[in-house]
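Below you will find the structure I want to go over with you.
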Amino acid sequence: MSLSASFNLNIRLPSNCYKPASNLISAFPSSLSITNSQKYECPTFLSPPADQSVAAIIFGDGSHSRLYPLTKRRSEGAIPISGNYRLIDAVVSNCINSSITKIYALTQFNSTSLNSHLSRAYSGARLGKEGFVEVIAAYQSPEDQDWFQGTADAIRRCLWVLEEYPVVEFLVLPGYHLYKMDYQKLIEAHRNSKADITVSVLSSSRDEVLGFGIFKVNTQSQVIDFRENPEMDSSKSMSVKNSVKFDDIAHHKFPSMGIYVINKNIMRKLLMEYFPFANDLKSEVIPGAISLGMKIRAYQFDGYWEDMRSIGAYYRANMESTRKTNNAYNSFYDIDSPVYTLPRNLPPTLITDAVITNSVIGDGCILSKCMIKGTVVGMRTRVGEGAIIEDSIIMGSDTYQMNNVQNGAGEERGISIPVGIGEGSHIRKAIIDKNARIGRNVLIINRDNVQEGDNEENGYIISGGIVIILRSAVIPDGSIF
Amino acid sequence: MSLSASFNLNIRLPSNCYKPASNLISAFPSSLSITNSQKYECPTFLSPPADQSVAAIIFGDGSHSRLYPLTKRRSEGAIPISGNYRLIDAVVSNCINSSITKIYALTQFNSTSLNSHLSRAYSGARLGKEGFVEVIAAYQSPEDQDWFQGTADAIRRCLWVLEEYPVVEFLVLPGYHLYKMDYQKLIEAHRNSKADITVSVLSSSRDEVLGFGIFKVNTQSQVIDFRENPEMDSSKSMSVKNSVKFDDIAHHKFPSMGIYVINKNIMRKLLMEYFPFANDLKSEVIPGAISLGMKIRAYQFDGYWEDMRSIGAYYRANMESTRKTNNAYNSFYDIDSPVYTLPRNLPPTLITDAVITNSVIGDGCILSKCMIKGTVVGMRTRVGEGAIIEDSIIMGSDTYQMNNVQNGAGEERGISIPVGIGEGSHIRKAIIDKNARIGRNVLIINRDNVQEGDNEENGYIISGGIVIILRSAVIPDGSIF
Amino acid sequence: MSLSASFNLNIRLPSNCYKPASNLISAFPSSLSITNSQKYECPTFLSPPADQSVAAIIFGDGSHSRLYPLTKRRSEGAIPISGNYRLIDAVVSNCINSSITKIYALTQFNSTSLNSHLSRAYSGARLGKEGFVEVIAAYQSPEDQDWFQGTADAIRRCLWVLEEYPVVEFLVLPGYHLYKMDYQKLIEAHRNSKADITVSVLSSSRDEVLGFGIFKVNTQSQVIDFRENPEMDSSKSMSVKNSVKFDDIAHHKFPSMGIYVINKNIMRKLLMEYFPFANDLKSEVIPGAISLGMKIRAYQFDGYWEDMRSIGAYYRANMESTRKTNNAYNSFYDIDSPVYTLPRNLPPTLITDAVITNSVIGDGCILSKCMIKGTVVGMRTRVGEGAIIEDSIIMGSDTYQMNNVQNGAGEERGISIPVGIGEGSHIRKAIIDKNARIGRNVLIINRDNVQEGDNEENGYIISGGIVIILRSAVIPDGSIF
Amino acid sequence: MSLSASFNLNIRLPSNCYKPASNLISAFPSSLSITNSQKYECPTFLSPPADQSVAAIIFGDGSHSRLYPLTKRRSEGAIPISGNYRLIDAVVSNCINSSITKIYALTQFNSTSLNSHLSRAYSGARLGKEGFVEVIAAYQSPEDQDWFQGTADAIRRCLWVLEEYPVVEFLVLPGYHLYKMDYQKLIEAHRNSKADITVSVLSSSRDEVLGFGIFKVNTQSQVIDFRENPEMDSSKSMSVKNSVKFDDIAHHKFPSMGIYVINKNIMRKLLMEYFPFANDLKSEVIPGAISLGMKIRAYQFDGYWEDMRSIGAYYRANMESTRKTNNAYNSFYDIDSPVYTLPRNLPPTLITDAVITNSVIGDGCILSKCMIKGTVVGMRTRVGEGAIIEDSIIMGSDTYQMNNVQNGAGEERGISIPVGIGEGSHIRKAIIDKNARIGRNVLIINRDNVQEGDNEENGYIISGGIVIILRSAVIPDGSIF
């Protein structure tokens, strides 16, 4: 169709985009059992458009976090990553880049910093004339005095808010995963297949243990069974009727990503009529829908994806962001689908004399004569002369401290160590949480090769061999551990 | 001082403003025992300025609301008043007009609509370079899985957030009162008297029953005792040591407004050291501070003030806003201290043929041939031909409904009554909550003169003789009650 | 197609929307020579979407304004209309509602108030992640020290800015017209017809004299000739080669709306190569393109449309907005395509005792015992007791004036008349510009039935029998005219 | 005064701040002839406060720019400096940090990018409830069809806008100077001395040639004469009556900074009554005011100050920002008076392997194996492998270019060189304007040591020995110059 060809050039798209809708449908691989999200490189334009017909429901915190002490004062979605961002920015940016601009974020665990981040980073702007990111914190009401009892309970209790706009589908998203996905393709596959529910699954090549369970899918992409991950939760029995063995030859099993597209009417029926007492979407409502014989399709995703709910995964994902590799999360420098966050107004990084290798340097750092290797350096990080930092995550600081004058809190406690990394210190394979004050000539190198250790009263914890310095911790001059 | 005189004219101030600081101090009436907030008409400029040295802590919901059903889906602070506003706007605007721009709003009851309102109405703009309105919803943390157990508990658990800026004083404010007050004068009196705590009290002329208890004050404006309001809570005994009879001749008693200025260090000591298990500020911490002999001053306020936590008070305050009287809350048309709210973008009110008396008409109404008297008409209200509305509060609608086409929700339920007041209906002394659909020829006149009645299943409740139509209720054509 | 049908209900669209693209193309009436924009009630979703592929170029002021004295301090686009809006809001809102969010506004005449309005009303929000309203005021550069010499010259000199995003088409729009149009349908027709340029024309039923000339169109909707409106500019000869008589039987002539869709590459060629010295788009470049044999299509529009560049048209359009009629500009109360403007924060209108007929009442007015009929009452208008206002436009006030205390400017000049309409005054068929001070018992009734009169030194002008009180004019008590 | 002392600690101020007003006045050095702005380190709190009583008038472009080609497409205020900023940000930030939030920016030369920057960077937020940055571009009106003829003419023609708020003083500021100044101290000195006009001057230690002329000041800080800088403009004779020789023993001469505090009433009288035809403030109105015997005071400033209107000064100021020295402009890392700019949302800088010395690195750069020394690296700069950059200013890029795919403009012209610095290139003492494309193995080292050279057709100019690569220029692989 020559019409489309004439402007492909101008908007930097390959010439095979903008196929007529019928082609897109026929291109849907009916012989291959699963939709492959990576096939089409062209943007998708839904009709009705996503900004009017889809509402995203993001869960800002998971129930079984293993990210302590990073979650001591914040929910998982609020943890800083890759220097300039918060974890939830990845999912919210996926929504915005997929033109989904009605976004509800449900929280109840340590929600303050997440609420603050979301309301400042996404208020009004960027989201178009009817877009919003609305934080719904757990609340008491005349009808219910309890906390949210699970994802299904949370959605049920907020349904009166979630239904305020006449959307067609809800898109349920965990807020603590790192990946880049065009949700419009997912919605399109959902609409084309006329499914009640579409679940997003990882391609079978993944063999890692996953927390969202496993779907069994037939050759028509239809979900026919679900089981919780046995290693994760071996005690739970399958709640699905007609449970079948997963080693059937004709079927495939795929790990769930915890992402569900659910038609609005179906959501209401599932939560209010069929399973009015179910608390959890994953383990109760979705298996229940399967058992009811609803039309549930699987949508396969095979790009980079990381569940950040362990110190190991969090550390690994940050490390990957320091390298230009093909298999990492690479959205940060992507002009067409950037990652959004709270806009800042910081000065450029001032470097006196540094040798820097495979690292990312956040905004407004002050780096003296130092060596930085394989490290994520967060905003406003100060590194003193002679410091060496390797394979670490420095989250940075919330404010500048000038002339070594302490702020009120520090001064009162008689602290003279400024925020940042002190002169001559050496840090290796560590996570330094925000506003920590590392003194001079400190060695954070896990000298004794401890794998797990709790030293919270001295300002650190060791998890999987990674030393984690707590938020605002003070590490005296000359400390070694 | 002629310097000041030279620009008084230009900034529309009486010529006796801008006295030197020493005058202000001497003007503080030491012979009269209580500072009178109404004496000075000039703005106050604190040093250090309020925007850097004071943080406001607003409680968005009270513990014993008698505003049901208005609070069925919202906290008290989110209730619409006077056509265009939410109740909490009065207190937040007091803060902004007093240059207090670090504002924390603590909520846990039906917090969703309050959070949404505050984050959209006050995000970024208006609050200057370091100002914010930050909503802190109740949350679970590793240390505490419970809801806030009271005002003191809420502040204690959020202290790590509240202390993030180096302020000097906290200003604790209930969010459901209607009044206009320059908090800078309160802070100034507090600083001048070098008090630990300053409490704001109503002038003694008030004899109404008040929920915040009564302070006994000596001739030096010093608070020497507190007692809970006996009618409100007769079971509680005084927790103050050395309790004295309040009929002593040398002392005065004043009703508390629930407003406290507390020095930051004093707040920390009270909550963490002296009374680490106290849940309530009013009944536990403040009396405790008195008993410890802390320096607590009373600051008298004698302007318009209304505690909105009853249907009667809410109705009365709205009625007063429809009249140009001197003793009403009159901030709305005050150029120097306006009331802020969510900025809107509504069309002008379109009036076909109306006789309107002593009423306020919100933005974007559509009024056909009708008669409106003594009524608050909220945003986007549609009034049909021949309707008569008297002495009522119409909260209005969240959206327009064109051509009588129903939105999804209504249509599904087979409703053909549009949002608004139907043709030929007659409403008297009623509160019509948002998005209600009053049919044609409906009579809402409390025909049987019921004082209290619960008819929630039919969409209304009667309280104190006032008929309250519930949010989104549908009242069929020809209904009479 | 049952897929679409399933969500039509939910998004309030008639069931015949969302036809496949092929249907839309075949529905394009090839037998009828002209596309009728009013045929389809369903939204259009362009591919590539309008927000990425179209840039609007709005001209904020016309060259031959007859709106003086309304344009004494403002450009035409900045004139207040219908109580709450500025004239340019209609066109900018058309853009936003058509998902065109890259908007350039070119100005040079009295641009200050227009710049201020646009940058405050449309900054950031509402326009999505890459949207903007950018004001380009005439400027001097090293290459050119002159003012813009016309629409073509202005676009040519700004081409380096206008081309910064890789759009496909430019949409050229006059900023002083009042109409509601889905530009996406215009763009769609343009793309479907593979035209170089598409011009929007009015249906032939209009016989009014129009300032944008007349296009002659053949049965294939192709533009084959243009002529300037003879009454408007009889001296100019046709600049089009092969000029033909317009009374040919086989052709139709349609008045131009001054709206052009021009492919980006065509725009560059026309301005830089073919007609590098042309100043005007309408009378030089478009006729030139016709003469070059470019493919130029006509797109017919037959809704409400009003060129506001005369006092008569301006008065008429405001009057029409006070009535619920079918043939008026009715976008204000349209939920799906609202008119945007600067968000406000005004109190509700306070009415003591008023009889109001066929009028619109802007936000925050204070109306005492008065009678208002067929009148547009702008924001913050104060009407004194006993006043009568008929068939007039009151633009309102920029601020409140409390207690009759004058602001600096007034006081200095010894004025004691407050802003607004004084007690006992009677106003008929007048336009009262902003911040005017009408004294008590003033009669503005055009007593002598003057048609044209200049009395600017006394604060008014009469044009077409309409009395126009100038901005900030002071009309003393008891004046009669 | 112990009251103030009690909270000094908390807000990080030295204990000698917050002296009573009388002390401040007596501290004003009457024996020393000139106020020294650097004496007091404490913040100043004016009464009435600056945000209500002062309006700043910033001139965004100077009349005699020597910054070409940096000003080819932008006014001086819009030139990028120090990686993340625009030049005008320094002055606007001074205003905001001095609580002056009513800011008018007057422009007419290449105003587009300045307008765009100011309206996006300072819209609404940060400026408090009544603050704004309003751009007033030169415009035509019924009264005047000309461009602004000078600073006095510009203010005169905009007076109707500038007077809309009841301010007390105007603060006139050039927008292209780099310095940090608390204007509140200047206003305070002005008010304390009851002057009509206060001019800010540089301390006598400066001996550089300055474009704003020289004031002669007596021992009471009173300005008694002015002369244009003879080197700059030798032809102009002094317009001041009673001109005296400047080598009088009893007097001092100080270079003007072009900064004037002028009482609002005085401004109106000077421009409308005394000198209604004067075009220039500096050379006509100020000397005229002296000749009229007005009370004009000098206020001495002795901090860092740089007039950026030459390539040399611009280069020097940028170089100084790369070093932590005491005599440079050091506001960027100052927590109490930060420099504001357009908030961004860029990823952290990704560094593969770099040795960086004495440089500042803007947000979101991508640096491969390279060496950077003494260089300002602007936002989104890409540096290829093996590149060496010394003593240069790289302004960076407006967008990312991924995978070497060209954007529309480049592609059309057949350019295959991506934006940024190509592999193996070596750059020394150069300014690389925005979006330039430096190929591989390019040598920009001013090989022939040219001092001045115009090679604009090849994309560069040499000025003062500094090579300036033009905006969006393309430098082919292997070029040497």
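Here are a few things to note about the model shown:
Letters A, B, C and D name the chains as they come in the text, with residue numbers starting at 1 for each one.
We adopt the following convention: a contact is a pair of C-beta atoms (placed from the backbone, for glycine too) under 8 Å apart; a residue touches a chain by one contact, two chains touch by 3 or more.
The chain list, named the UniProt way, goes like this: A, B, C, D = Inactive glucose-1-phosphate adenylyltransferase small subunit 2.
Note that the structure is predicted; figures quoted are calculated from it, not measured.
Counted as hops between touching chains, the shortest connection from subunit B to subunit D is 1.
Chain centres were defined as the mean of their Cα atoms; on that basis the chain farthest from subunit A turns out to be C.
For this pair, subunit A with subunit C, the centres built from the Cα atoms lie 45 Å apart. For this pair, subunit C with subunit D, the centres built from the Cα atoms lie 39 Å apart.
Across the assembly, subunit C contributes 10, 12, 124, 166, 340, 407-408 as residues in contact with two or more other chains.
Contacts from subunit D toward subunit B in the complex involve residues 3-4, 6-7, 10-13, 18, 20-22, 43, 45, 47-49, 52-53, 96, 101, 124-129, 131, 166-168, 191-192, 194, 264, 340. On the subunit D side of its complex with subunit A, the touching residues are 9-10, 12, 82-84, 322, 324, 332-336, 338-341, 343-364, 366, 376-377, 399-402, 405, 407-408, 411. The part of subunit C that touches subunit D in the complex is made up of residues 68, 71-73, 107-112, 115-116, 119-120, 123-124, 132, 134-142, 147, 158, 160-161, 163-164, 166, 398, 407-409.
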